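The structures come next, written out as structure tokens.
Two complexes come next, and they have one chain in common, chain A, joined by chain B in the first and chain C in the second.
Then we have the complex of A and B:
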């Protein structure tokens, strides 16, 4: 009986940070427009892979739009040419991301971080021109693929309805976060951090840096492909603009804004970035310039990003409360 | 000639950094449970020798074998998996990880989760489990590095300048630990602390300008004044 109770308490402690974060996200849906919250959820999934690569493995990836487009186009090809079930489309998008990561990963992860960033950017350029020019017969070039009306209604959660799609994207994000939290807590998560801190010493212990990095690369980019697949189903449309190298900085900026390598940084970053864009673009004409300056100021204020700066303060606050309240639980998971 | 008792045999090892040759025809052998020390001035090639054995440097010529298995050409993580663990000089642990996580890394790679042996040798680590390794003192870091290397019961430990910059009390503790470790594993220690070398070594190789210039075997031959000539 005691063991069961302890198991429940342990599970609660593991989940409570995640549940609190996602409860706040769900509550925000009451006050904010649905398209905005959906954008935040998908963008945070998009950023999660980048944050994991940068914060845990030390790789800046400037090629995330490539993997986003792989997921989106795989989903779009299925829904435009072959089928109507959006769940199958999303699954194919994720599998395409997995496959591409496994093909290019062994070549890319051997490189130093700076070359890794450049070669990924080159991949984004390649994917962009493939979709825009080379494969224009099947991608319809700049016109893109429109398939919103092809989507069939699905049981339980009907992804053709925005409200149901939000619930699905929300649950998908929760699953992604639970997976990354599991990785963070695992020995593999420690291996990733160790290879970032000192790659030589990882090999002293009998680990292959290559294998650690390849797995991280595949996990991160498959997550990005999931975001691409979700975008495709949500918009019912894909175009080469999605993989445009000019958008390559977006996930990196959001990662740094939120706090690279932190579990909740991508959600906070996606919320802040999407919010800033949304609000400022309504008030100011050249909003990109304004956001650029604002980002510089935010980075200068705290180079750990928003969540990276807040997290230790919140922990201190909770620990202080814990010290004064004997029955209080441990501080929230980070 | 390699005997079955030898856990490490180095023959005619030549190593270079770019065009600069740093090891010249180095021969060395280590038997089971033997403590072998390498002494010499800075730049004599001691660390290069250890790094070559551990697979971090590719030799120009020569052979390195362990129990009839060739080590040259193997990846460093393969060599570590064979039970040959390198403990570098710089005492840099994974600073962002806790002591527990550092040990977990050692356990996961080897499948050995028996931390009691580690805390028997280094009881202090037991109370520092949740401390970030970056906040440990130099001596505690050295304990952690040695403790982590012990997981998986290695057959050979390559330890580079283990006592450099440590307090005398910790050096004295490490001296005892090395003595006990040699019951289960062979040790190759690069060290400048001659009293320690004389107290624990079964064999001493003196190095100068990339060459082995003397080999002292037996407690009677290994004396501080003899070793000092090569420093």
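Then we have the complex of A and C:
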């Protein structure tokens, strides 16, 4: 009896940060327009992979749009040519992301991190031209594939309706975050951080840098492919534009903005970025200027990002409040 | 294939390669000496092109514009180095990459503010054509190639025959020892950055008559500039020259064979070269500091 109770308390402690974050996200749904919140949710899933690679493994991945496009196009091909069930489409998108990252991963993760960034960027460009020109017969080039009317209504959660789609995307995001939190706590998460800091020591400890990095690469890019599949179903349309090289920096910017490698950084970053884009582009129509200088300022201030700066303060606040209770010695969630 | 088409293709490739070379040499020098990835070189490239446009509109002389672009980009590079890069030399490599990307994006915002988003044309300064093996070739493209070769020779002489240049070369090998010899490394960094920035500006000015000048032109060539540096090996001037001409030819000849390939083929070449030799053609293995 006591043991099960303790287990529940433990589970609650593990989940409370996640639940709080997602409760806040759910509350924001009441105040903010639905498309905005959906955009934030999908964008934060998109950024999560990049944040994991940059903050935990030390790879700056400027080629995320490639995997986004892979996920989106796999979903789109199924929904345009073969079937109507959006769930199957999303599943296929994720599987395609998994397959592609397993194929290119072994080639890429051997490279040093600066070359990795550039080779990944090259892959994004290749995917872009592949979709725009080379495979134009299947992808309809710049016109993109429109399949909104092909989507069939599904029972329980009807993905063709934005309200239900939001719930699905929300649950998917919660699952993704729970998974990454689990990774952070596991030995594997520690190994990732170790390869970032000192790869020689990791080798001495008997782990293989290559397989740690490969797994991280596959996990991160499959997450990105999930975001791509969600975009495809949500918009009912895909075009090569989503993998264009000029957008390659978006996830990196959002990662830095939120705080690289932190668990909630991507959500905070996606919120701030999407919000700023909406507000500033309405006001002046020149939001690159702001984003650019904000980025430089954040980097000069110490590259912690919004969440990375806020988190220690929140922790302090929490610890002070709990100072009288015995739970105080446990650090707050990262 | 048609010989005439081939010859004009090769000349086209040489001229585009020259521009890539001028642009990439800045990236390569900055990486070699300061160990930073300076994406903002692409900003100086755009600034060079825009100044060329404005000056040629005001005075009617494109060459004066190119000179002005070179000077203004150098000044801009100097300001950015003093204000921003000075504070981040000690940080990791990826750090400088992200910061300089912020500068690039912010700079594009400034360009949009001053010149608007409409693409601007720049007249070609030399319109005559000359015959090479019976093919008419625009002289301007040959002049661009000539300028790139002159710059290469100039850089080579500077690095091998002057004290400052020798100090820069020594700094690429081991910057701490150079500092130990009593050489002002901080000034060395500034000089290198200004050279890099003005060469990028020169590339922009020379490229302007061949394309339309628009605010995102820096982002469009970003991938190519990087590819050149990577294929050549980060930090090697000779490698940069060779790979710039390889990339130029692949772009140009590739577009003759099958147009959609022109944009993609260089990336495939780069992937292949990196998989065979992960440090590029002339890159050194020792790159940690």
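Going forward, the second predicted complex is superposed on the first by the 317 of 334 C-alpha atoms of A that agree within 3 Å, B and C clash if a C-alpha of one lies under 4 Å from a C-alpha of the other, contacts with A are read in each partner's own complex, and residues count from 1 in each chain.
Criterion: contacts are C-beta pairs under 8 Å (C-beta built on N, C-alpha and C of every residue); 3 or more make two chains touch, one makes a residue touch a chain.
From a predicted model like this one, the values you see are computed outputs, not experimental measurements.
Chemist: Let's test your reading of the overlay: on chain A, do chain B and chain C clash or fit side by side?
Modeler: fit
Chemist: Pick one for A:34: touches chain B only (first), chain C only (second), both, or neither.
Modeler: neither
Chemist: Which partner reaches more residues of chain A, chain B or chain C?
Modeler: Result: the larger residue contact count on chain A belongs to C.
Chemist: First (chain B), second (chain C), both or neither: which does A:187 touch?
Modeler: Touch partner of A:187: chain B, not chain C.
Chemist: Give one of first, second, both or neither to describe whether A:292 is in contact with chain B, with chain C, with both, or with none.
Modeler: In the superposed model, A:292 contacts chain C only, not chain B.
Chemist: Could you tell me if A:114 is touching chain B, chain C, both of them or neither one (first, second, both, neither)?
Modeler: After superposing on A, A:114 lies in contact with chain C but is clear of chain B.
Chemist: If you stack the two complexes on chain A, which partner ends up touching A:203: first (chain B), second (chain C), both, or neither?
Modeler: first
Chemist: Answer with first, second, both or neither: which of chain B and chain C does A:256 touch in the superposed model?
Modeler: second
Chemist: Once the two structures are overlaid on A, work out the angle chain B-chain A-chain C from the Cα centres, in steps of 10 degrees.
Modeler: 80
Chemist: Report the closest approach of chain B and chain C over their C-alpha atoms in the superposed model, as a whole number of Å.
Modeler: Minimum over all C-alpha pairs: 11 Å.
Chemist: Based on the A-chain superposition described above, do chain B and chain C contact any of the same residues on chain A, and if so which?
Modeler: No residue of chain A touches both chain B and chain C.
Chemist: Contact residues on chain A for chain B in the complex?
Modeler: 187, 190-191, 193-194, 197-198, 200-208
Chemist: Could you pull out which chain C residues touch chain A in their complex?
Modeler: Interface residues on chain C, with respect to chain A: 37, 84, 87-88, 91, 93-95, 97-99, 101-110, 112-113, 216, 219-220, 222-223, 226-227, 230, 234, 259-260, 263-264, 267-268, 270-271, 274-275, 278-279, 287.
Chemist: Which bits of chain A are touching chain C when the two form their complex?
Modeler: Residues of chain A touching chain C: 54, 58, 60, 107, 110-115, 117-119, 121-123, 125-126, 129-130, 133-134, 245-246, 249, 252-253, 256, 286-296, 299-300, 303.
Chemist: Give the list of chain B residues in touch with chain A in this complex.
Modeler: Contacts found on chain B: 54-56, 75-77, 80-81, 85-88, 92-97, 101, 104-110, 148-149, 152.
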